[in-house]
Structures are given as structure tokens and as C-alpha cells.
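Heads up, the next two complexes both have chain A, just with different partners, chain B and then chain C.
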Partner chain A sequence: MGACKVHIPIKSISIQNLKVGEMMKYTIKKDPHKDERVQEIIDISGQNIFSCYQCGRCSSGCPMAEFMDILPNQVFMFLQEGDVDTLLQAKTPWICAACFTCTVRCPVGLDLAAVMEAIRELQLRKNYDYVDPYNVEERDILPPIALVSNFRKFTP
Partner chain B sequence: MAMKRIGVFICHCGRNIAGTVDVKKVAEEIGKREDVALATTYIFMCSEPGQKLIEESVKKYNLDGVVVANCSPTLHEKTMRNAAARGGLNPYRVEIANIREWAAWPHEDNPEAATRKAIRIINATIEKLKANASLEPIEVPVVRRALVIGGGVAGIQAALDLADAGIETILVEREPSIGGNMFRLSETFPTLDCPQCILTPKMNDVAQHPNIKLYTYSEVESVEGFMGNFKVKIRKKATYVDWDKCTGCGECLRVCPINVDSEFDLRMAKRKAIYIANEQAVPLKALIDENTCIRLQFEKKVKEGKIKPKKNVKICSKCADVCEPNAIHFQNNEEIVEEEVGSIIVATGFEVMPAEAFPELGGKYPDVLNSLQFERLLAPSGPTAGIPRRPSDGKVPESIAFVHCVGSRDPQSGVPYCSRICCMYTIKQAMLVKHALPSTAVYDFYIDIRSNGKGYEEFYHRAKEEYGVNFIRGKVSKIYKVGDKYRVQGVDTLTGRIVEVDVDMVILATAAKGSEGVKDLAKKLRIPYDEWGWLKETHLKLKPLETPVGGVFIAGAAQFVKDITDSVSQGSGAAAKAMALLSKPQLEKEPLLAKVDPEICAGCGRCKDQCAYGAISIDPVRHVAVVNEALCEGCGACSANCPTTAIQVVNFKKGQIIRAVDVLAEVF
Partner chain C sequence: MGKKIMFYPGCTLKGVAKNLEDSTIESARILGYDFVELPNWTCCGAVYGLAQDSVKFTIANVRNLIKAQQYGKEIGDNRLVAVCSMCYNNLRRAHIDVMKNRDKLHTLNIFMDEEPDYEGNINVLHYLQFLKDDVGFDNIAKKVKTPLKGLKVAPYYGCLLLRPDEVAIDDREDPHIMENLLKTLGAEVVDYPLKNECCGSYHTVDKREYVAERTYKLVSIAKEVGADVIATSCPLCFFNLDRRQEIAKQKHGDFEHMPIVYFTQLMAIAFGLKSEDVLHFDRHYISPREVLAPWL
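And now, the complex of A and B:
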């Protein structure tokens, strides 16, 4: 059996595509504690994202981190600064395998996998497809379970 | 009489010495000397069997002198002297030959040379020892009273402990009230109790304790004498008010027309020219600031002849007019009092750098404050009743930024060390802002959070998890005004981006330093200090409360900035040290002091000029130098400068030293 090739049409802009300057500077316009979208992520995930104290253990243990554009601990830092935009444009939440390694290891007891899910939810609830079901290559030879999980995670 | 039956004990120090020096060979060589009755080795001379070996050998071989070849005399000279004394030998007939630090350690790579050097060091020590005299310790009487300088929480604790132990204690505080910096605080980490509530009982105890004599608004003028017998002059500064009569009613404050910045409130509030330090001051007494009072300024100018008093012009005396008990007399009542004490505790505390010292961080703006000023704005008893307001316009801030490590950990523009308490108090202040103003946004810029005390890390987590404080990791580099706001230009090193935020107020956690003027005080006491004004302890780990001057101890933030818990512990610790000293009826002093041979002394006085302890005087009648044994520390500076060798330190006579040097230099 050949390697599974899933063509993932990247509709979202990866943060590498952001313009210089946009990437390196961030202006806090309002108290992140009062940001509605941060609050939404807190509500969906049930996690107090502000209690992360940036030890980095989630990132050091994450099996997918090397393929991400934002490290798992940085996800919390972006949230703590109220920068949900960058997270919505990032690949990281989609690359997260939901393996729960970070959740098990976080010294604070934060469920980072749930936060990743919440960020994905924020997009999916807008009827957003991360993967286009009609454009999955070699659809016929993929094991059906892979396709099902794929759609569960990447489509509304 | 030179010694003839010397015992030499060579220590292996495990492998420290024996791993390099051939101790057996050393014993063999030394044993060949005619004046040596016994030369032996042992694995640890400092162990009990090692000491027993000395004790028994003294008896068995009837030794008249002992050399122990081991480590530095600072470690075990006393141990070995006591061991020999138990065997019946005068302890001053024992010398240490340091073959560990001088031979074994520096010549690890050349055991043969190390062994040769060890033999030579021992031979030189024997030559020195042979002319040692038997001596008895000198006894000096002790004044059973103590002086505590600085009435912050550390000094207060020390004074109370001493007084409770029945020791008459003098507490000198330079401000009009005791309490120190703790009394300025809003609430205290990590328990958030009210500092005034927990400190006032202690302050009142000080004022009422029958064994405590309190001098506030006073400073130490001079210190003379030595451990057990200090003579201290204290300057009580002019208050222009009779404190025996003043009831602290505050009527005078209400009528005085002059407003100036309050020292206690660190410019966050005004006070009058006649003032009481704060509402809960101990003692609660009014005093007049001679530099701002209209009347005193007028009188001064008249005295200096700068103005001529016109007739029938009434100069302000509003305060005196309303003072019921007639306490205000406008007379300069400065006074010098003298006290004798046996021990001194220095607890002069610390200060934080002013915001103005950091113009790049907006220190010149009115709404950019240092942390201690902000404590006043957060204090329920403070000028804004605990609701912080902008000094510039009285507005309640909608956003506040805190900046950690301002001047700390920054040898380029501040101090090299971490100021240790600022992470915690900044977190506390951030929490208190949230208490007072729940909707105000709080940004806390830090390099890393140092929360290493009991309950401290938990306190930090509470701020993060429950209080809604925004923590951003990175040092702020610039703060400037944009319209009505202050733009904080920082960085988030965790996401790797510059972070900018506009806020209404900025609080700088500026570096701590030793109290202003502490260096002058330290000079009077002859105790060492560092360039930042921290008083130096004798040993950072094992003697943190001691100073090189016998009988003088340090406590609290004067040694290095610390939190209240540690300051109080050190206050009690220093008091215990002083008690140990003062509980003896007599003090024993090493008899290794300078002695003058009046037959040779020419009375030139060179020795007197050299003595750092003021122990030498010239007898005007006999015209010879005289040593005050109680003051002499036996340092030998005098002896080195005497042109006639008339003054010499006992058991360090010139002949002894020269013979030892001859051996070391191998010029027989």
C-alpha cells in the first residue's frame, strides 16, 4: 500500500505569508482578559488559558511540534495577549494530532488538546473546511476510517 | 626559655593532604630535629581521636610546645589549642602549620615539591613557636545595654527581643517615627495582611517597654570604644516643639499655611511645615521643618543679617496660637546625648531608586512612579484611600503597566544583582489594583518571575489564574507619552514579537540599595560595606549577622534587601547574638596584643598614627607609647612602623618572624 497522500488545500494563510512587520510587532488594543474570542475559546475548551505560566513542557513533548508553525506553548501566549487572529491563520491547531501528550504532562493541569480543538471549532463553526472533501487525492485507496476521522477534524 | 620538647602532628586530611604530600616522609624528617620530641601523623587531626592524640601526647611526652600541620588556622586553631590545653599545655604554645592550602592544594601536580614545601613550612613554624610565651586571656568588663540603629521592622524586633530578655536597649531612628518602609506598604505578600495592623502593636510595645529608650528624629553622631564597652553620642535633631507637652492632637497641622511634599508619602501627598510623620506615628508628636516654616526662615534670615525685622509686623505663629498645651516653642532644641552600651545592632534598611533615574522609561512623567510611591496610592490609609489615581490629573487609571527589574540585573545602568523582593511586590500590587479597580487592565512586564519563598509561587499563580493580570515576558526598553497615555514599548520573548500597549499609568520596580547615608554610619562603626551601600557580613553563609567589629551586628534589609519574614528573623537573630555577648559578666579577649618596651620607645608616635583602632596614646609625662589593651586588635600595623622595634605584638616578635622567614627562604 502506498503512502496516504491527502491533498490539503490550504485556504488559511500560514503565518509565514504574513507581511514583515505584521509578524514582528503586536499592539495590545484591549485587555486580553476582556477579548470575546479569547473568552469563547475558554468557554469551548473549559480551560483557563491565563493560568499557563509558559514552562514549555507541552511543546517539548509534542510529537507534532516540529511540523507546526507556532509551538504549543506559544499558542497560550498568543491567547494571553488576545491575538486570536494569528492563531486562526496558523497551521498548528490543524496539525495537532489530539494525542493528549501535552494535556497529560502540563504541570498546571491544562488541557491544551482541548484548547487546540476550541481554536479549530472557532473556524469550523463558520462553516469553514480545512480540507476540501471533493479534493482529497486517491480517495479510493484511503482506508475509510482515515477519511472519516479526517472529515471529523477538518470539516464542520 | 626556648622549647625543647615539641610535638608535631601531621594531618592527612583524608586525601586532601596525604594525596599529595608524603606525610610519612614529612614526619620522618621533622622527627630528626633535636627540639622535637614527637612527630606523628593521623588521618583527621580535627576528629575526636585526633584531638585526643594531642591531649594524651602532651601528657605522655611532657611536651612544651605543639605544631599541628593541617589546614588554615581560621578553621581549627582553636580546636587544637583547646586539645593541648586539656592535656595541660598553655594554649598559646600551639601553632598551626598550614600545609593544606599552602603545600598540598597548590602543588597537586608535583607531590615531591609539595612534600619539600610542607617540611619547610613546619620547620618555619617550629622556629616561630619556640619563642612563644605562655599567655592568659585578657578579661574586659561588659556594659549590659544594647543599641539598635534603625527603627524598621528588623530594628523593632531586635529591640523588643533584647528588652524582653531584660537588657536595657536604646533604639535610634532618624525619622520622626519608627516603622521603616514596612509602614509605608499597602498590604503584604504573600498573605495580604495589613502592615499597619501587624506593625502598630509592635511599635507601641517599643514605646511602652520599660527597657527601651527610644530616640526618634535622632542620629548616631560618633561611636567610640570596643566590644562590651561602646560610648555612643546621639544627636537629637531640632523639633522646635516640646515633645513632653505635645499630645499629638494635630490642631497645629490644620492652621499652618505652608504645604510641602510629605517624606512619608514619598511626594504622593502634602504635609504642613509643622507635621506629624503619619497618623499612626510612634511617637505621635509634631515637629517643625525649619526649612519651610515661615517663622523659622524669617528668624534665620534676621540672624544672618539678611533682613531687618520691621516693627509691628506679626510673623506667623499660627500653630503656637492654637496649641493648647503650649508645646510649640520655636527654640532650636537640638541636643547631643551620650549612651554606653555593650553591643550594637545596625538595622538601617534599604531604599529603592527613584523613577527619575530612568528617563528612558518615562521616569520624568508624573504618572510614572516607583514601586514604593505606588504602595502609598494602594494603601487604604494613604492619600488616595487605596484607590490609585493618576498624580497628574487625579483620574482613576483604566490601564496600568508594571515593569520589573528596573535598574536591577543591569550592571550597565543600575546594579548587577536581583533586588529580590520586586517580583513579589509587583505581583501583589497588580492584584491590589484588581481589588480596587476590577475593570482596570493590568500588564506586567517581567524577565522571569522570582518567587522563591514560602507561599510565593502559589501567590503568583493566583495572580495569573484568578486576578486577570496580563503577564508578558520581556524587558521594556522605552516608555513615552502619546496624547494622554503612556506608550510602553516591550517585547514578548515567548512569541518573539515586539509588544506595544498604551496605558494610563506605569509603575517601575526600581532596584533596591542600602539606605542613604549608611556609608557614613558604617565608617563611624568601622564596619565594611559594598559599593551599593549593603553592610557586609563576616561570612555570607555562616556569620550573616556578624561584622568584623566585635559586638557590632547587622540585621534586616541593611545587610541586603529582603522581605519582612527574613528581616524579622534577622532582627531576632542579631538580638540573640547580642544577648549571648551581654550575658557574660566579663569578656575574654585574645592576649595577642601589642606591647611597648618603654626602655626603647622614643615616643615618636608613628605607631599611634598607624593604629586603626585608636588603641595607642603617647604618655605625656614619660613620653612613651601606651597601648589600651581593650582596644588593641593585635593587627601589628604599629609594630611594622616602629623605627626602634619598641612596640611588638606578643608571640609575633620580630625575632620570631625573621627566624621563620629565614627557614622559608632557606638562608641559614
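And now, the complex of A and C:
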């Protein structure tokens, strides 16, 4: 696979110190088909990430997009380019609320929520705690389903 | 005694959402149904696991379905009604999942050796579906004692009643089931464009500012389209929309509070069940007592 450059608009500063609205230079280095972690994401999610053609419908309907550093369609761009490292550093998979709005609207039938879960799983399966269950505020007023669902998504 | 129907309450109804549980059971009683709690039910897990290579999120739900299978034979009915959106979604997804993927069911049946195998005959229903298809809105209309005439309600479905497609209780982009029920109760239903948008869900634990932003948007738009209250069926949506108004108000000076209610509470009021034992308005952060006073 030859190297080429694409420009990706990034919304916030958390990825590689970019500023709002700044364009990001990006170089494709790896063949995603040979990347183990891309394959792992495909296996865990059961989704063919290569079928995404960047229509952007997922990002346009996403209720959490305003809080994300990488938009849902850009997640697929990074995956197709074999850049799992960027995704592992991104906030986006941890901001997805698994509301399935994108999943039901995707024209090629990709379950984006499952792909976000797979990216989280890559880290959670290494015994990573995104949320520390022992340090939760408002424990006395939070409904049990809030705690159960949060810990299920954010702890191993 | 009415007809016995299996009822899956879920953990939240047993605690903070007592208002949802009691108004559901009591409204069903008025309609001639005796909602019997599924014996020895366990937590549904709240969110369904999306990893394809794991069965850990399916097991508790299949276990509940097996309990329903056994108890259903006793009472001669295979319907299992849940009213919490998360419980409904989980039980229904688990049922569909193991019916589609028999390997998964086989794995689970081997793992749960102490229980009988799941035969796949449990019909998981949300209370709204039960009301529409099994009771019928015309029969509900006959039981209305206090029509909610003049009350403007924004119906809020959230995510898990409508998505993913396989568990949707109505059209996922423009549902009408709750509207039709509320109209049957005499209420005026406003056209609420955000009725199927996410409230921020479990982020309320560790990112409550984000959820407060969602609440700000969802409640403000409901106000803009003229609603007096927002009606929901999910205890997590309820918590987020109700409790997170506190932060929304701190952050946005123009924010106006709005009470959040369960659709079952409105049903109970319309049926003439107005005691605190059924409605539990003390469980609300923003009390709906003032707004609902004309019908109480």
C-alpha cells in the first residue's frame, strides 16, 4: 500500500495538540488488513469496518458528537488506515452512549456502537478501569441502572 | 383477582423508581391484570453486551427467561412484561440473540447445567406494547375517570424502546405508541422532535456535565413546543432529565425547570389513583405536584 496524505478536520485539542478547526496532516503507514488490532476490532465487533464510505450520517445524528474529539465517521477513517493508536488515545469511544442512533441509520448496516465497544474492549480486556468504581460521587442518589450500565461499559 | 401476567420489575424499580413500579402494577390492576413479580429474578445488566465473542452479558437475561419459562407454565401464560426500557431491551435482545445464534444458546445451556434449557417461547413485552396490543386503547379509555384534559405532555421514548430495530416497539424515527396512549387518557400531546434522542445514559455517573447539557437541550425544547411535563418509561432517562436539571440550571441562566413523570403515573391519575402510595411524588427532584394539581 502506497503512502498518501489526507486532511482530517479535528474538533478539539486532545489529539496531538491540534487546535479547533485546524487541519491535521495524516499519513497512511500501515496496511490495515495486516494489522492485528484492526482484526481484533473486527472480530470483537463482528463488523466489516471496510464497508464504511464516509457518508457522515452517523456523525450528523450523534447526540454526543459535540463532546467527541474524533467524529464517529472519522473513527472508521482511522480504522481503515490502520491507525489504532490514535483511537486508543481518543475520547470518542468513551463518550459514545451506545444509543444506537448511528447503528440504525447507517446505510451499509454497520453497528457503530459495537465498533466503539470493541475499541473500549481492547483496553478493558487488559484490566483497565476507565471509571474507578470505588470513587463514584453521588452514589446515594444514582439509580442502580446508572451504576450497573456505567461499570459494565467502563470497567473490565 | 385479575388475569395473572408475569412482571419483570428490575433493580431500579425496587429502589429509586418505586413511583414507576407502583403506578404500573396499580394501573394494570384497574385494567383487570394481576402483575405477578417473576420469582427469583436477577438483574438484567442494564446494557446489552455488544462484543460478538462474549456471552457474559447474555447469561443473566437467559437465566431470567428460563425462570419465566418455568413460572409461565405454572400460570399458563408466556408473556413477560417489563416497564423499565433497559430491562425490556436486554431481555428482548437476549431472546432474539440466542434464537438467532443457536451456538450461543448451546454454550449457555451447557454452562447453566442446574437449570432446564431455554426453549425460546417467552414473549418479552414492554408495558406500552402490552397496553396497545393485549389490552387495547379502547378498553383503557373505558377506565378513565379523570381525563387529563388540558395537560400538555411531551412523550419521550429515549433509545432503548426504539433501537436497535429488532427490539423497536414502534417506528424508530417517528413513534406514536405513547402519544396514542396519552391521547386516550385525555391529555394533549405536543409534537416533540427530540422524543427519540438519547439523554446521555450512563455517562451521568462520570460525566454528569455532558448529561446536564443533554438535559438542558431536551427540556428546553420541550418547553419551547409548549409541554407542561415530559413523560418517559425509562428510570435512567427519568433520573437524567429530572435530577440533572440542577446542573443545567447552574450552567444556563435561561433554563426553566420542568417536571418529568412516568407515563404510568399519568395513567394512574387518569384512572383515579391519586394517593402518594401509588404516585410517590417524593421521588421526583422537580415535583410535578403543582403542574398536575388540576387533575389530582
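Criterion: the second predicted complex is superposed on the first by the 128 of 156 C-alpha atoms of A that agree within 3 Å, B and C clash if a C-alpha of one lies under 4 Å from a C-alpha of the other, contacts with A are read in each partner's own complex, and residues count from 1 in each chain.
In the analysis below, a residue touches a chain if its C-beta (ideal position, glycine included) is under 8 Å from a C-beta of that chain, and two chains touch if they have at least 3 such contacts.
Just so you know, these numbers come straight off a predicted model, no measurement behind them.
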Touching partner for A:Arg152 - first (chain B), second (chain C), both, neither:
second
Query: Between chain B (first) and chain C (second), which, if any, makes contact with A:Ser59: first, second, both or neither?
result: neither
Review point. Once the shared chain is lined up, is A:Thr92 touching chain B (first), chain C (second), both, or neither of them?
Key: neither
For A:Gln123 in the superposed arrangement: first (chain B), second (chain C), both or neither?
neither
* To do: Using the touch definition from the top, say if A:Asn73 reaches chain B (first), chain C (second), both or neither.
  => first
The chain contacting more residues of chain A, comparing chain B with chain C, is C
Query: Is A:Ser51 in contact with chain B, with chain C, with both, or with neither (first, second, both, neither)?
result: first
Note: overlapping chain A surface for chain B and chain C spans none
Within their complex, chain A touches chain B through residues 23-28, 30-34, 48, 50-51, 53-54, 70, 73-74, 77-78, 80-81, 83, 108
Residue set of chain B touching chain A in the complex reads 399, 441, 443, 449, 460-461, 464-465, 468, 470-473, 492, 494-501
Touching chain C in the complex, chain A uses residues 43-46, 63-64, 66-67, 95, 97-101, 103-104, 111, 113-114, 117-118, 121, 131, 136, 138, 141-150, 152-154
Counting only contacts in the complex, chain C reaches chain A at residues 10-12, 15-17, 43, 45-47, 49-53, 57, 84, 86, 159, 163-165, 172, 196-198, 200-208, 210, 213-214, 235-236, 239, 243
